[in-house]
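Note that chain A is present in both complexes that follow, paired respectively with chain B and with chain C.
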Partner chain A sequence: MEQAKQKETSSFQKWFRSRKGQQALVLIVFMSIPLLLLFIFTYLPFGEMVKFSFYNMKYVGARKFVGLKNYQDVFTRKDCFGALKLSLYYMVGSVVQLLLALYLATVLSFHVKGEGAFKAVMFFPYLISGIAIGFIFKFFYTHGYVWDTALTWFGFKLDQLPYWLKDQKINNISLVATSVWRYTGQNMVLFIGAIMSVDQELYEAAALDGANRWQQFKHIIMPSIKTIITLNVILSITGSLSAFEPPYVITDGANGTGTYFVIMNRIAHTSQKVGLASAMAVVLLAIIFLVTIAQKVFFKYFFRSADDEDPRAGERREKQIEKYRAKHAARNGEAHNG
Partner chain B sequence: MADKNTSASVLGMGDTSMSVNTAARTKRAILGFLKYFSLVFCGFLAVLPVVSCFITALKTKEEYQSTNVMTLPSKLYFGNFADAWEKANMGMAFLHSLIVLVFVLAGSIMIGAMLAYCLSRFKFPGNGLVRSLFLFASLLPGVAMQVSVYSIMQKLGFINHLYGYIILMMGTDVISIYIFIQFFENISTSLDESAIMDGCSYFGVFFKILLPLLKPAIMTVIILKGVNTYNEYYMANLYLQDKSRLGVVATSLYTFTGPMGNQYNMICAGVIISFMPALIVFLLFQKQVYSGMTSGAVKG
Partner chain C sequence: MKMKKLLAVALTSAMTVSLMACGSGSTDTSSASASSAAPAAAATSAAAAATSAAAAATSAAAAATSAAADSGTLSYNSIELGTTGTDLTASIKLLTHHTDMLKDDYTGTSWSSYLAEFNKMYPNITVDIEGITDYANDSLLRLQGGKWGDIMMIPAVDKADLATYFIPYGTVDDINSTVNYAVQWNYDGQCYGIPSTANAQGIVYNKAVFTKAGITELPTTPDDFIADLQKIKDNTDATPLYTNYAAGWTMGAWDAYISGTATGDPDYMNNKLLHTTDPFRDYGDNTHPYAVYKILYDAVSKGLIEDDYTTTDWEGCKGMINNGKIGCMVLGSWAFTQMQGAGDHPDDIGYMPFPITSGSKMTATAGPDYSFGIAADTTDDNKLASMIFVKWMTEKSGFSYNEGGLPIAADDTKMPALYDSFKDVTLVVDNPAQSGEEDLLNKLNSDSELNVNNGGNDKIQKIVEHAANGDESFDDIMAEWNTKWDDAQSTEGVTAAE
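Right, the complex of A and B next:
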């Protein structure tokens, strides 16, 4: 008995000292905390949310099982599912933002006077907190204040100008514009980075040979940033569906500016209808999930048709895309933008 | 990624624009003008909201009420900054933000680096699964998740405690993990292998050899995660509800909602105070900020 035990411990010790044992030890020590946190703050709440969506409940107090009633409400209540229409504004906004960033990045990638200062000025809004941006634009859009004054400099008359945040014809556009203001510079910096990764001699050679700017753009710049642009376009779809920050901080969803998440947030934390809010969240997550799968399929198809000869290039790109998507999502998830 | 074909096609276009005549010169002048005009115009729109904030913050209350918001102040007045600082209890807010930043950054860097080390260096069953779990987590929008995270925070007793907020911010971090994985994949494994041969343990490899090499990646994480953490207000508002005791810089601005909501001379001062640290860091470390932003982007 004694001997067997001793033998056991010694073989355990042997295993423990071996490379395999050391690896297992490292894995356990290094991965337990991140995985525990991931479980507690992501997957546990995810499961809870699905559970909540079948109940009529508040954060505290009794809960009642109601089956699919909450899901019915999501699709039939006027304020819930209909709010997704506003996403269209945000989609258009992100296309505008992308084009603008692309134009500016292209212009700046040729030598321009005051380049550094311009880049800094465009980028800085990205560093301001969402809540500060809310105050800045409440002030900016107030009737007769900053924006109206600037427009009168260009010949507009104050009494012809609308109330930017109250007029339902225009207020969603005003809100989307703040998002464009905030993220264009950041997109521009990303594009400049991609453009700069192209061998500079290529531009010089092209310029020497008299290729004009448009030709340089089409044949050198575009191919180098095609992937990042396509990705941004596609990501903007899920981003627009979950648009939240501009209406939340500027109008609090008043006057028909409440996007899906603003409404959900209000239902969850103001009216405390946690069940209904959870159902809303689950529905949107399902939509986002479907869109993401559709994007993957689209991407595979899109790039297979491209003139790619190296079969491993596709694999590499898949990897890159996955990484980029995760980083982008993480960045935006944390900033809670749209 | 532009290959030989594209450069060849560019070469082929050389002869068409060889002749420089006056029409071409005027065209170039017009295009040049349009270029600078568009840049100036965009720059103007980009600075206008921020500049208007400075103009208003430097006016006295009387001057703010009696003049147009874009009229420059007749005399620079700094009292609003003192008022905003005091009313929003910014001294305490900066202290709390600093504490949160230090712990969240230190925690995220350790967690991210350790996890990335395991995922990029060891083949073990479940490696792919762990990666997918993190990838899927990054698809879930934060706002939607807070509906149920809130009830979990309640059960854990984490609401209205700085440590609860700090742990949550560390636990929902995906960005640093990805930055570190990317970085590890660019460090040759022969380095670790030779150290192991020399009798170094895996812990030794990680702490003594790889961690010092990670400095650039750590810098990137500090910039990206630092900006996010400093500016985060939604979860801070939800989980640090007792703002008189637990305000951070972003949530201290909530002081200016409600009855003070139209005193923009003071609000603007508060907003400027809140973004000042970010502005200073940005001006000092511009290059690192830009390269931090682009390091994750797809190239080619």
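Right, the complex of A and C next:
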């Protein structure tokens, strides 16, 4: 009976049995679940949020369609868009963090003593939860506590030291420092991973040609790890636009440390202006998109490889050679005359 | 070969099906268990109906509920503890903000001992208690999700939505005859929330520090209070007023003093405030909200608070006030027991009225804490069981007294010791809003973003910042708030007068 059934083959069954059909089956079966999860937990809520941003609504209760008013508010309110200025602190911090990480990674990749221990020590902060870090630094910065005590060892007097979180001129810098402390190690490990993949023979060859460490870094390491640098820069910049944990845990966003996310959280949860908060989120997404694209373009120009060299570079090089020759000829002439 | 192929296909399909089932698994199993349990449940409810029919002479309402036709007839007042529903078998779930009471090392009476006591009277009603740490936010989400349980401490919902989520205990008039402070969750003449406990608002202070500073009488006006704080600063090492700025919500506590305490008017909070233009203006007589916030501003600008307010530590402050390192803190009476338990000097902790006198006598706002609400989407048996439990908590458990609260049951007169200095103080309970305006305060709060009495911590933190940095005068801050409030009033189309 079964055998008989299997023999009646329609064209679909034939296709289904073929290699292609089987491939398609496997493809669909394996893709459907992750795609479904992605849709349900990412795109569907996002779509809802975009919808919310056009309404005047609370979490519970009736909604009223208000068109673009929420977006207008985001751009006109001092506390919404103004909060993005604080991101500048975090961006500067992320540049410092990347440079530091890159430096440490390069040093550690040249086989120093105690390499493993250094890596572990510097990676450690990343393993602590953000909330715990918040509490650590709240006590760390308390007047007369850890940080001030450490500074007094170096001869500072306690009454000359500022209040690290109370003084509105420096409290954002204090908060940024905690995030630099936390993420430098993680960036460093990523960089080290990328640097490891560079062919060791290139260093040897470069050394034979008389290149020093800086030249090796500039001409071998940097171009080889450009992808990971780009990635880290993009992650850091998006991270600084959406900084949340340090201000939320350490200062509760008070005293002029309320970043865009903290303000958004306050508007959404305390004032229950869900529509406005959704609009803020959409605006932030748009800004992150723009910044990412701008970075892509910038890096494309900055890290061009030998293959897709800027055509003008060739001309410039020719010109330089001309200039050098001319100078050389002139000097030779002078020598002859003299 | 063929067998192998078949096996492979069978395995793959089994995996896919099981994975798909994961999504709908919960509903499947619940419906399965429901159907299997249905005959049993029907049997028990039939039995319950029979028995309560027998008891119908004493309790007509209970019989009506077991008849299960209309849940609207279930009422709080008709429940007689120990008589109604003693044959009822039910399992109910309570969501609570009191996570500390779930722990065995809780210094007061823990949930487990309340439940043990309750089950002596009602052995067949099982109460399952779930603690939620970030209660104010998470409970709202749970409420929206539905199927959260049977009893919950009602979170900040709009009153118009009360009937969607909760069942009424009875009419407001009926409930007020048996329950105190049931003023918060009334809508359309129906009462949806029975308070778990109630508090009068005052200031937690350290008696030893006050004595040492040379303060013989508790202050009754803002000026006296500031002078007393100055005395503490001059004569002791203690921080006169600890703001708890960094914790945030502790600053929001200041809003609790602007109504009955600062005006003596039970209609201020839910009626007058909504219809007053510029409510934060200076009334010139050290009363009204202006006077409350001015105390904070003055204390900060005169350096009478902690040195580095941005790094205050909530858990740490309890031990500090207990050991005489803090003079006073502006917190609700719930904080009193915690401060007592935090060190070796529980007897030094006192609770005093907020230093504003608006009439001939001092007044203090008294009002309900979180209230019990019973789910509208649960079974009728569970509704009855839940209401029995709520009534038991109110009348028999002693919960409110144990937690240092004012008596909830109307015939209860036991006042906890912490209100000793409130003997000459009139307690003012905020009247509910007029019908049709139940949600107006919420709306104005949301529109103005001042969030008065509703987590508006940041506006009060800003008072501290501006006072400490000296970059904005107090009158300017109040003018700003007035503008926001007036704008919100015009957005909502409220008629307001001076």
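Note that in this section the second predicted complex is superposed on the first by the 242 of 338 C-alpha atoms of A that agree within 3 Å, B and C clash if a C-alpha of one lies under 4 Å from a C-alpha of the other, contacts with A are read in each partner's own complex, and residues count from 1 in each chain.
Here, contacts are C-beta pairs under 8 Å (C-beta built on N, C-alpha and C of every residue); 3 or more make two chains touch, one makes a residue touch a chain.
Keep in mind that this is a model prediction, so the values were computed, not measured.
Which partner chains sit in contact with A:T251 here, chain B, chain C, both or neither? Use first/second/both/neither.
second
Quick one: classify A:Q168 as touching chain B (first), chain C (second), both or neither.
A:Q168: touches chain C, not chain B.
Looking at the overlay, what does A:I33 touch: chain B (first), chain C (second), both, or neither?
both
Quick one: classify A:F261 as touching chain B (first), chain C (second), both or neither.
Touch status of A:F261: first partner only.
Given the touch rule stated above, what does A:F139 touch, chain B (first), chain C (second), both, or neither?
So A:F139 meets both chain B and chain C here.
Looking at A:S271, would you say it contacts chain B, chain C, both, or neither? Reply first, second, both or neither.
second
Just chain B (first), just chain C (second), both, or neither: which does A:Y59 touch?
Once the two structures are laid over each other on A, A:Y59 reaches both partners.
Using the superposition described at the top, determine whether chain B or chain C touches more residues of chain A.
B
Which holds for A:I131: it touches chain B only (first), chain C only (second), both, or neither?
A:I131: touches chain B, not chain C.
So, A:Q72: does it touch chain B (first), chain C (second), both, or neither?
neither
Between chain B and chain C, which residues of chain A are contacted by each of them?
Comparing the two interfaces on chain A, one with chain B and one with chain C, the shared residues are 29, 33, 59-60, 139, 145, 269.
Report the residues of chain C in contact with chain A in the complex, numbered from low to high.
For chain C paired with chain A, touching residues are 12, 16, 19, 137, 140-141, 143-144, 157-158, 160-161, 245-248, 307-311, 313, 445-446, 449, 451, 454-458, 461-462, 465, 468-469.
Show which residues of chain A lie in contact with chain C when the two form their complex.
Residues 29, 33, 58-61, 138-139, 141-143, 145, 163, 165-166, 168, 171, 251-256, 258, 266-267, 269-273 of chain A touch chain C in their complex.
Going by the contact rule set out above, which residues of chain A touch chain B in the complex?
Within the complex, chain A touches chain B at residues 19, 22-23, 25-27, 29-31, 33-35, 37-38, 40-46, 48-49, 52, 59-60, 100, 103-104, 107, 112-113, 116, 118-125, 127-132, 135-137, 139-140, 144-147, 149-150, 181, 184-186, 189-190, 192-194, 197-199, 202, 205-206, 209-213, 215-216, 219-220, 223-224, 227-228, 231, 238, 242, 244, 248, 261, 264-265, 268-269, 274, 277-278, 281, 284-285, 288-289, 292, 317, 320-331, 333-336.
Touching residues of chain B toward chain A in the complex: what are they?
Going through chain B, the ones touching chain A are 1-2, 6-7, 9-11, 13-18, 31, 35-36, 38-39, 42-43, 45-50, 52-53, 56, 68-70, 111-112, 114-115, 117-118, 122, 124, 130, 133-135, 137-152, 154, 156, 167-168, 170-175, 177-179, 181-182, 196, 201-203, 206, 224, 227-228, 230-234, 238, 249-251, 253-254, 256, 264, 267-268, 270-271, 274-275, 278-279, 282-283, 286, 289-291, 293-294, 296-300.
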